[in-house]
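In the two complexes that follow, subunit A is the common piece, with subunit B as its partner first and subunit C second.
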Partner chain A sequence: MGTAYNSITFNQAKCDGCGDCMRACAQAKAGSEDLIHARIQILAREDAPVELAMCRQCGDPKCVSNCPAGALNKNPESGVIDWDANKCVNCLLCTVGCAYGGITFDAAVGHVSKCDGCDGDPACVKVCPTGALEYSTAGSLYRRISEREDLFVPGLSACQGCNSELLIRHTLRNVGSNVVVATPPGCIPGMGTVGYNGRTGTKVPVFHPLLTNTASMLAGLKKQYNRLGRDVTMLALAGDGGVGDVGFQSLSGAAERNEQQLFLCVDNEGYMNTGMQSSGSTPAGSWTSTTPVGEAMQGKRTDAKNMAKIMMMHNCEYVATASLAFMDDYYEKLDKALEASRRGFAYLHVYAPCPTGWRFPASDTIEVCRKQVETNFVTLWDFTPEQGLRFTRSVERPAPISVYLKQIGKYKHLDQAQVDHLQRRVEDQVRSLQAFTHMSAAG
Partner chain B sequence: MTAIETAIDPRYQSRSLVCDGNEAAAWGVALARPDVIAVYPITPQSSLVEYVSQFVAEGIIDAELMNVEGEHSVLSALQGAALAGARTYTATCGPGLAFMFEPYIRTPGLRLPLVANLVTRDTLTPQCVWGGHQDAMLVKEAGWIQMYCETVQEVLDTTVMAYRIGEHPQVMLPVNVNSDGNYLSYGVTGIEVPPPVLVDAFLGERNINWHAALDPERPMAVDPLTGGAGGPGPGLFVGYRQGQCDAMQKALDIIEETHRDWGDRIGRHYAPLVEEYRLEDADYALVTIGSMTGAAKDAVDAARDRGEAVGLIKVKTFRPFPVKAMARALSKVRAIGVVDRSVAFGWNAGPLYQETLAALHSTERFLPAASFIGGLAGADITVDDFSGVIQDTARLLQGHRFDGPRWINRND
Partner chain C sequence: MNASKYLIVGSSHAALEAARAIRMQDDAGSITLISRDTHAPYSPTVLPYVVSGRSSADRVSLRTPDYFQAEAINRVTGQALTRLLPAEQAVELEDGQRWHYEKLLLATGATPVIPPVPGLDRIDYRVLRTLDDAIALRDAAGKAANAVVLGAGLVGMHGAENLAEAGIAVSVVEMQSQVLPGYFDAQAAELIRAAFDRQGVTMKMGRRAQRVEPQADGCRVHLDNGEVLNADLLLVGTGVRPVTDYCQGSGLDLDQGILVDDHMATNLPNIWAAGDVAQARDFYSDAKVVTGILPDAVEQGRIAGMAMVEDPALQPYRGGVPINTYTFYGQQAISVGISDTADTAAQVAVDFDAERGYFQKIILKDGRLQGISAINAALDPGILWQLILRRTDLSEVKAEFLAQPLETGRRLMSDTWR
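Right after this comes the complex of A and B.
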């Protein structure tokens, strides 16, 4: 992984042009109410999208290359373009180089000014009422994780654009090598993690359980390691079939017994490895190879079950949902889940859009992940018995479900009634989960 | 330790007690000192796992006890535990064994020396909670070693021996110790529990996962996909399969050696593979398996008193099938009547009958034979029933042939 930095992100669609960010910036940087000092500028017009003028902290910054005095430099630690007043000769060539209006001449102080990121705690983000501005810490996470060994071998044979491969590599880097990894039949062993013909694809102990018994096998392993006085992490990387269909009994039993393991469901909404058949996790309306589209049947006739909610009802030590479009959220949950798995059962449900099986371009995987969340098709939350359910990302102001569905081939046949059904389903699910924010599942 | 100390130290004492076969099995488990036990109840095994659980509660057994949600997870958890190096225990039967089937058939291929008592039960349907060998016979091709016990004492002794047999480095296979539901599970008799230290010495050091482990200190992939017709070739798979078959054959020697050593150390001797009873001057013989053998021996004794030249061949080890030992026994008689407690669907006979005839082939002799099926659904095969079997078998010597099996207990 290359160098990555934390950054302020802007979602144009969410911005209503209120200007709170500018006021906060002017106050923070100049102690002034005059918006001329704001290093973030929002231009809101009646009949056009909101525009943002602000430093992007570019990787190949033209302001820096234009500067004849060496006054502008990209900070290798923070990624911020630092401006040095002592070297600046006020030539303004930097403002000419920047295409984003990110560095401008401030007449009131007599020199250029630009966003300095507020040392990683930007004032503008904190006051944004709509969530249009966010501070993404994924960059520092990527850097931290890049310093750890990738415990899968290079060259796993996952499909192009596979969300699951990305997920398992990130996960195992973070979990480390003192682990036993279980990958029941599905895409994850299919891509070669357990290996073929006596060779392995993983640098730590790994095995195929049956599709049905992952949690039970890990439970037995853990019992013996406890008996031996050794602290070894038990990690399951299982597909939705091995979790919610045939794998459910052993999973439920292990959760009831509060077995010490981290059970990760990689939900690609069906049996993608064996040819895209339907599972209990497949949403209504989906085309799959066993819920085809024809005159008598237009995709899956019943709704998916919400496995994360079902696991919450087991009152596990920790339950959370995650999406790879929100890595900082995922890493926070992974850390918590790992810690919880020392005490008992921890369950992570990660939504894993599949370009091959769902029919969307391999380059769009993360965007599809993001749209799942932005439409509330997927909600990000976590649960502990003490705190109950907590949304880790706002479920207010979702985009309509059609924004998500239109990207994906398996939904292209949907009629309006099917789209409306999915929209209602999304709203019902959110309402149902919101009820749990007021009470613990055990209650 | 001096002889006096030995005499007062309870670890050196054998204990006499009166109990049923399920409790006897539990004492065998206690003596084997498993690390991880997983249980799920099912009639007629239930009291066995209750005894084991009680022993854990009382500290008689120092093991991790897992109360899991079904037999499928029972065996799965124990596979995991064994891959971390644990000696394990469970017991099941009938529908429980059927539900366990998926991990059950995988255990021998993983070469995990798990020990599981089968308190045998007839299979559904018709609905039935009673004894019979149909459950164990249905899984005879799965690759587990299977030994059938005749007495309550033998249940205890064989449960201990099963660990040494399965864990032998040249075997490394799972073992079923089979005891007849109803007759051995609930039949009460006096038994002797051998001194723990003698059993410890008999079993020696455990080494369960030297060949395949899930251990961060010895990282490896357990059971990666092997090549098939479409890959680099099925050779690796064939090699593993052949290894299982070789280990099964090797187990015949190890079962004999283990029974011999048990007899030397503990003082109780059993025919490890095939028992020959009053066979030396016999014209014909019964072939039996399991607890029915006691009544059969009584019937043979009574027939001998009447002057009938009849003997008995009892099979203890059914998997691996002791072909040579069986052929040796068969070579001593001129006709056989084989009594099964289960059926072989499609053969209109019992499975023991089939296997006996298959072993007969190696003698290059023909023997007239008849299949008797009795003891289904927990029915009692009485001494009188066996007297009838003896009479029918004697008719074979006069040239009579039966069309199909003789059904015992049909009118009970």
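Right after this comes the complex of A and C.
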């Protein structure tokens, strides 16, 4: 079985080619200022994106397969391809196997050299001034989570490429079995979580409230469990309609009363389960079946409301936004939200691009998630009454919104004015949220 | 009868890579590896380093001791394959035991070609193909004073360097006018030959051993120009040929090796072949060739394994490209693709500096890379191999590529297939 590892990631759009990473690497690995020793090689040129050559620590490493001396091995613990100086015979066949320029002959030292990941603390990442290089710890998280039981049954019927299924499976693994799950009408019960043929789709208690009363039903259940002296987690897995439109009254009430529950909004920007109707979370310009594109109308005319911000204004115990392209960030927030839900109301807003309803290829879901964040269309932050709002990922140097929009069919018809409007909206939202970071505590 | 779902004959790169590919898709189906050799799996490529002492014979295994148990791969060692029984889906081994298979991979590799030199059969000469050969050569080198090496291919050249470094007077006899034909052109080969000259190795180019005569303490090698070389150690490195003796009467299509299609399948059902024993499509022509090189054995082994396990991600073989790396006296030689061409439509750019021992030759045709060979030039052979296989159009970056193949190659890689 394959497994996941932590890894160095490179965001070409953020790299300005300064070369600090190469200098840090040469210094760390050879104590030298000569960049020939750098095991990360960036290739900067005027008027062209910066390209990169370095070891990918491949899952099926050809350098290892090509080594006749058993000197290269993929370390099963760290995932790094380890090079054994005592076994290497300097034949260079590893360099034939590598299609990425990741293992190369260093004439100055007389043998091949490659990135060893600096034992999980890469020198290049630490000095990168633009955030183009990052060290992703999602791999070790996946490994940790994979050791826990999947509390949904196999065979949920989500659409191909749906990240909601990925999200809820990961979430429940982490929450554990001491839980009652509420799934109001939407894609999540629609894919079979509440059950079919007389059985539930989960291995834990689950129920199907109305769109309108999810938060209040959970509040009642929690009170009863408390009365019995049992500490049970109350978890809502709701769509954006069940959160911000029809479900808002009971949600707002529960937040205001600081009920002990974790309310998770899976935001796919509309009523995707019932035929892609528009919701309060649908961004301006979006095609939906109720905001069509034609002579009279060019998609939705009004902006989406920012539900996470609205929940923050309730001064909940914990509020956070998350994206599945940044799992390490999500897990950190899920842990905090779970902890907060023991004290009072915790709200997680996870953005969930929908291949079926938004019209993009099923294989692109995570990339769409990533572009949402990289363009600031979605910002990652969390809030507690003590800390106020804190960005968990920098909003500096975003890519233009067009990079995000062009991937998605529901925005295909947008004219420049509409794109400009969305760009302004993104910038306004960021400015508004930045203002909250300057306040010590909301109140 | 013994039975294994996947039966693999051989235990070097192609065999091991196939087993890995099979286990990726089928974690329960029985896999059995049969080998003539009794040692833990090793690569023939590492043998010169065992001779030189750079590698110790007990540390050259391609897999850790617990690998086969962990992957549930059964091993039968010390048994050569003697007969194929395709009608029964079975093979027969040296000692008569039979194995039934559902899928069979022949990765039996190659064995040294012994030239028909009169008298050779009466000499205790050395070859270098197995670990036992390497240990024997290493031991013989410890006692020898004069050595003759027949052949200036990779085995001969590595052998000559090792023996010379051990303080032995070495002569290399090569029929062709240059060393390492096929990987380097005459100019590059001359640079390599000169390095051996400087180290005191006598290079007899364009010479043929006419007969060999046993002596009390070795032998006497008579060359075609009348010269006579005395040797107490004779190393024969005149090439290898696929091991196919067990194929007789099986109905398997053979030429120089076992003929295979782009999924490494032979003409018989449920039998595949890969590595040095296989004869597969050439990249540059429709001919089928035995490439006999390590990276290709890995590639073919992986494809065969994926085909045997019906891996849906299987992509057909893209054709054999001659490719090699060769280090000699601390210098690095690399050859990817063709190293010479008679094609007048090809563009050839050579950068040569005998003083610095530097050589770089790039062959392009129709804006596509055909081959690059170099000595002491920093290059990424793996990237260049991909540029050839992908037939990447270099027309727009041609000047840049010719001036800086390393950087331009990396940039193309990062932009194209990262």
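Miscellaneous remarks
Convention: the second predicted complex is superposed on the first by the 435 of 443 C-alpha atoms of A that agree within 3 Å, B and C clash if a C-alpha of one lies under 4 Å from a C-alpha of the other, contacts with A are read in each partner's own complex, and residues count from 1 in each chain.
Going forward, a contact is a pair of C-beta atoms (placed from the backbone, for glycine too) under 8 Å apart; a residue touches a chain by one contact, two chains touch by 3 or more.
Just so it is clear, the model here is predicted, and its values are computed rather than measured.
Shared-chain residue A:G97: touches subunit C; no touch with subunit B.
By the touch criterion defined above, A:L43 lies against subunit C but remains apart from subunit B after alignment on the C-alpha atoms of chain A.
Of the two partners subunit B and subunit C, it is B that touches the larger number of subunit A residues. Contact with neither subunit B nor subunit C is seen for A:F391 once the two complexes are overlaid on the shared chain. Overlap of the subunit B and subunit C interfaces on subunit A: none, as no residue is touched by both. In the complex of the two chains, the subunit B residues touching subunit A come out as 35-36, 38, 64, 66-70, 72-73, 76-86, 88, 102-103, 106, 213-216, 218-227, 231-232, 236.
Those residues of subunit A lying in contact with subunit C across their complex are 1, 41, 43, 45, 49, 51-53, 62, 65-66, 68-70, 73, 87, 89-93, 95-101, 104-105, 107, 110. Of all residues in subunit C, those touching subunit A in their complex are 13, 17, 20, 27, 42-46, 49, 54-55, 59-64, 294-295, 298, 302, 323-325, 327, 330, 332, 334, 336, 376, 378, 380-383, 385-386, 407, 409-411, 413-415, 417-418. Residues of subunit A that touch subunit B in their complex: 177-180, 189, 194-210, 212-213, 215-228, 232, 249-250, 252-254, 256-257.
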